[in-house]
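What follows is a group of structures, each given as C-alpha cells.
Look at the two complexes coming up: chain A is in both, with chain B in one and chain C in the other.
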Partner chain A sequence: MANALLIQVLNGLVYGGLLFIVSVGLVLIFGLRRVVNFAHGSLFMIGAYVGFSIATVAGFWAGVLGAAVVLAVAGVLLDVSVFRPLRRQDPIATVLVTFGLLLILEDLAHTVWGKDTHTLPLPEMLAGSVDILGQPFPAYRLMVIAVAAAVGVGLALWLRFSRVGLFVRASSIDPVTTAVQGVNTDRVSALVVAVGTGLAGLSGTIAAPLLALSPSMGGSILIESFIVVVVGGLGSFSGALIAALAIGQIHNLGIIYVPWAATMVPFLLMVAVLVWRPTGFAGSHV
Partner chain B sequence: MSRATMNLTGARVVAPRLSHVSWLLLAVALAAGFGLPGVVASVLVLTLLTQAVIGGMLAVGVGFLIRQNGVVSFGHAAWYGVSAYCFGLLLRHEVLPAELALVLALAVPTLTAFLLGLVIVRVPGVAFSMLTLAVGQAFHEFSMKAQGLTNGDDGFAIPLPDTLFGLPIAAVQQPETMFVLCWSLLALVIFGLYVTVRSPFGRLTEAIRENEERARFIGYRTVLPRAATYAISAFVAALAGLLFALYNGFVSPEVLHWSLSGSALIMAVIGGSRLLWGPALGAVIFFFLKDLAGNLTEHWPAMIGVTVIVVTVLMPAGIAGTLAELAGRLLRRTGGRA
Partner chain C sequence: MSELLAFSNVVAGYGGARILHDLDLRIDAGERVAVLGRNGVGKTTIVNAFLGIARRMQGEIRLAGKAVGDIRHFTAARAGISVVPQGRCIIPNLTVRENLILGAAVRRKGAWTVERVFAMFPILKERADTPGTALSGGQQQMLAIGRALMANPHLLVLDEPSEGLAPVIVDELADNLRHVADGGTGLLIIEQNYSLVRRVAERYYVLSKGEVAEQGAMAGLTKESLKKHIAV
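For the complex of A and B:
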C-alpha cells in the first residue's frame, strides 16, 4: 500500500515537474515584461513537433536539444517583434497579439505535421523500468523528474548568483528603476524570453513520449500552467514551483481516488487560493 | 450591504437624459430587423445572419466587459454554455415547463457569474484573463465528465415542446422568424446596455475602470459594481446561449469550449468594444469572412490570427471605432462649412 502510494507520488512529480518547466517560462517573461504570453502552450506544442522531427532523424537527445535551441531562437524573435514594440501599450494588446499567434501556430502545426496524432518512441536507453521498493517504475519517468529538478536548480542558481539573474530579479520588482540604473532591460529581456520559450520547447519534447502529439495539445497545458502561475503568484519563481508540484500531486491522486472530479480539483483549488489571497501564494516577485 | 447599495444610488453624477435620437435609432434597428427577411431571399444568407447575430450577442457581452471593466474575458463561453445546458437539461429531465426553464437558463448563469465575479474581479488585469480561461475550461471539463447528467462528449438533442408562450416552436427554428427574434433582442440588449452605461452605475464603473484606487478613496465600494458589470455581461452571453439552444435544439460540450470564448473575443476585437454595437459588427464580419474563407482556403485559423494581430496593432479602436471616428470627422467638416 505504502509502495503503491510512493509510485503515485512519483507519477505526480512527473506531471508537476513538466508543469513547472512550462510555467517557469511564463513566470520569467512576466517578471521582465509584465505581459502574459498566450502562445506559450503553442510553443510547447511546436517544441514537441520540432523535437519529434529531429528525433526521428538524429535520435532522441538531439531532438530535445534541437527543440530547445529552435524555440529559444523563436523566443528572441518573439521578444524583438512583439514584446518590445508593444511594451508601452496596455498589456492586453500583447495578450491579444499572442492569442493571434496561438491561432497561427496551431494552423502551422496542422499544415506541416498533419492532423493525425504522432507518438515519439522512448529512447532505448530509458525504455525499461527501475525497481523502487519492489515496484517497477518506468526509467523514462524518473528521467523527467531529474530534468525538472535540474532545470529548477539551474534556474535558481542562475537567478541567485549570475549578473543577469540579478538584473532579472531587480527588473521583476521594478522595471523602471532597474532601467534607470543602467541595465539594458531590452537585452536582458531577449535572453530571458529565449530561456522561457527554450524551456517550453524542451518540455514539449520531453513530454512527447508521454502524450500524443496533436496541434491542440498546447491548449490544455496552457490552461494548467495558467492555474500554476495564478495560484503561485504571477512572476514568482518559488510560487510556481510549489504550485506546480502541488497541482501535479492533486491531479494524479485525484485521478485515482476521485476520478469523476479529478480535472475539476485544480480549478477549485485555484478559486480557493484566490479567495484567500488574490495575488497568489507568493505575491509577485521572482 | 446597505452601505454598498447606498453608495451605488448615492452616485449623483448627472447622467444626461436619453436623446430622441437614441429612441429613433432603436426603432429603425427594430424595423430593419423585421424588413430584412423580406429583402434577403437566400435562406443560406439568412441562416448565416442568424448565426452571426447570436454570435454577435455573445461578443457584445464580452465587449461590454472590456468597455466597462477594462478587462478581457477568455471564458465567456462558460455563461453561453451554462445557459444552453441549463435549458436543455431542465427539459431533458422533464423538471420544469419550458417557459420556466427559459427563465432559469438566464438566471442561473447570471447569478453564478455574479458570485464568481465577487472573487475574480479582485484579480488585476492580465491575471483576470488567465483566470477566466481556466474557469471557462472547468465548466467544459464538467460537461465532458458528468456523463450521466450531460451525456458527455456526444451532447444531446433538446426535447423542445410544441409551443412556447403559445407560439409554435417552428418560429424559433426557421431562420426567417428566428432571425427577426434574435435581431430584435440584440437591438434591445444594445439599447439596454446603452442606458446602463449612461446611468450613474455606468459612470461609476467607468471611474473604477480608470482608477480603482481613487474611486475607493472617494468612498465607493469597487468590488460590487465590477462584479455586477461582470454579471450583466454574463447575462448577455447567457441570452445568446439560450437563443443558440432554441435555434439548434442541441447542446454538446462545444458550446463551453474555450475556442468559442476565443472567437467571441476576436469578434469584439475586430469590431471594437468602445462602441457597444462594435462587437456585433465584428461578429457579422467574422461569420461572413469565415464563410468566404471556407470556400477558398483551409487556413482560416491562421487568417483570423493575422487579422487579430493587425487590428490590435493598427486599429486599436476596431472597425466600428475607426468608422465612427471617420464619420465624426466628416460631420465636423461639413458642419463647419454650414
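For the complex of A and C:
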C-alpha cells in the first residue's frame, strides 16, 4: 500500500516536472515582457512534433535537443516581431496576438503533420522499468523527473550566480534602471523568451512518448500551467516550482482517488489561492 | 578639454509637452558642475533626455563628444556617463552587492571595484548581502553612488543626492563627492541644496522654466540670484 502510494507520488512528480518546465517558461517571459503568452501551449505542441520529426531520423536525444533549439530560435523571432514592438501598447494587444498565434500554430501542425495522432517511441535505453521498493517503475518516467530537476537546478544557478542571470532578475523588477546601468534589456528579454520557448520545445518532446501527439495537445498543459503561474505568483520562479509540484500531485492523485473531480481540483486550488492570497504564495519576483 | 556631455539648443519633453526649451549646457572632463533650480523646472528632464526617457524634439545631445540621434537607455552608460537617479532606484530584489555588480554592467576597467566602494562606504560592506531596499535612505544613496561608480564613469551625474538626507549625512556626501572628483571623475550635480553644491561644484547653471537663466563660476553666484531662483 505504502509502496503503491510512492509510485503514485512519483507519477505525480513526472507530471509536476513537465508542468514546471512549461510554466517556468511562462514565468520568465512574463517577468521580462509582462506578457501572458497564450501561444505557450502551442509551442509545447510544436516542440513535440519537431522533436518527433527529428527523432525519427536522428534519434531521441537529437529530437529533444533539436526541438529546444528550433523553439528557442522561434522565441527570439517572437520577441523581436511581437513582444518588442507591442511593449508600449495595451497588454491586451499582445495577448490577442499570442492567442492568434495559438490558432495559427495548431493549423500549422495540422497541415505539416496531418490529423492522425503520432506516437514518439521511447528511446531503447529507457524502455524498461526500474525496481523501486519492489515495485516496477518505468525508467523513462524517472528520466523525465531527472530532466525537470536538472532544468530547475540549472535555471536557479543561472539566475542566482551568473552575470546575465543578475541582469534578468534586475530587468524583471525595473527594466529602465537596469538599462540605465548599460544593460541592453531588449537583448536580455530576447534571450529569456528564447529560454522560455526552448523549454516549451524541450518539454514537448520529453512529454511526447507519454502522450499522443495531436495539434490540440497544448491546450490542457497551457491551462494547467496558467493555474501553476497564478497559484505560484505571477513571475515567481520558486512559486512556479512549488505550485507545479503540488498540482502534479493533485492532478495525479485526483485521477486515482476522486476521478469525478480530478479536472476541477486544480481550478479550486487556484480560486482558493486567489481569494486567500491574490499575489500567489511566493509573491512576484523571478 | 574633452567634452563629456553637451546639450545644444535642446527642446525636450514628454509626449507633446515641452519641458526644456532651447537648452545649452556643456561639461568637460574633470569639471564639477552644478545645475540649480526650483521644483519642477525640468532638472530631472535634463537627465531623462540624455537617458532616452524624455523625448528630444529639437537640438543636439552629445555624449562623450558624439552626437547621438537615437538615444537608448543604455547609451549614456556605455559612453562613460553614470547616473545616480533622483529617488535612488535601488533594485529591491537584488542584494547590496548585486546592486553594485549591476553597476559594472558596462565592464569599463578603472579604479572603482566593489572593494573600493566598500572602503568608501563601510556600512555597505556590513550589509552586503541584505536586499538593497532594506537600507536607510542615506545608505541607499551611498549604494546608488557606489553603483554608478562601479561603471568607472568619466562623468557622474547626481540628481538631487541630498534629498531626504540629514544635514550631517549631507556633509559626508560632500566629502565623498570631492574624493570622487579628485580621482578625475567629472561631476554634474543637480540640486536645490546650496550648501552641498557650494562645497563641491566650481561652476553652475541655474535653470528656470526649462532654460538656463544664469551661469558662471561658483564663486560668482550671488545671494540675490540664489534667492530669485532657488529657495535657500
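Just a few scattered comments:
Rule of thumb we're sticking to: the second predicted complex is superposed on the first by the 286 of 286 C-alpha atoms of A that agree within 3 Å, B and C clash if a C-alpha of one lies under 4 Å from a C-alpha of the other, contacts with A are read in each partner's own complex, and residues count from 1 in each chain.
Definition applied: a contact is a pair of C-beta atoms (placed from the backbone, for glycine too) under 8 Å apart; a residue touches a chain by one contact, two chains touch by 3 or more.
Given the structure is predicted, the values throughout are model-derived calculations rather than measurements.
Model built by superposing both complexes on chain A: chain B and chain C fit together without a clash. Judged by the touch definition given at the top, the superposed model places A:L166 against chain C, while chain B stays out of reach.
Vectors from the Cα centre of chain A to those of chain B and chain C enclose 90° in the overlay, to the nearest 10.
Residue contacts after overlaying the shared chain place A:G182 against chain C, while chain B stays out of touching range. Note on chain A: of its two partners chain C and chain B, the one contacting more of its residues is B.
Applying the stated contact rule after C-alpha superposition, one finds that A:D174 touches chain C and leaves chain B untouched. Looking at the shared chain after the overlay, A:F267 reaches chain B, while chain C stays out of its contact range.
Look at A:G154: by the touch rule set out above, it reaches neither chain B nor chain C.
Contacts of A:I227 after superposition on the shared chain: chain B is touched, whereas chain C is not. The overlay of the two complexes leaves chain B and chain C separated by a minimum Cα distance of 19 Å. When the two complexes are superposed on chain A, none of the residues of chain A touches both chain B and chain C. Against chain C, in their complex, chain A makes its touches with residues 163, 166-167, 169-170, 172-174, 176-185, 285-286. Every residue of chain C that touches chain A in the complex is listed here, in rising order: 51, 53, 72-74, 76-78, 83, 85, 89, 91-94, 98, 101-103, 105-106, 147, 151.
The residues of chain A lying in touch with chain B in their complex are 35-36, 86, 91-93, 95-97, 99-104, 106-108, 110-111, 219, 222-223, 226-227, 229-230, 234, 260-261, 263-264, 267, 270-271, 274-275, 278. For chain B in complex with chain A, the touching residues are 72, 74, 116, 119-120, 122-123, 125-127, 129-131, 133-135, 137-138, 141-142, 145-146, 258, 262, 265, 269, 299-302, 304-309, 312-313, 316.
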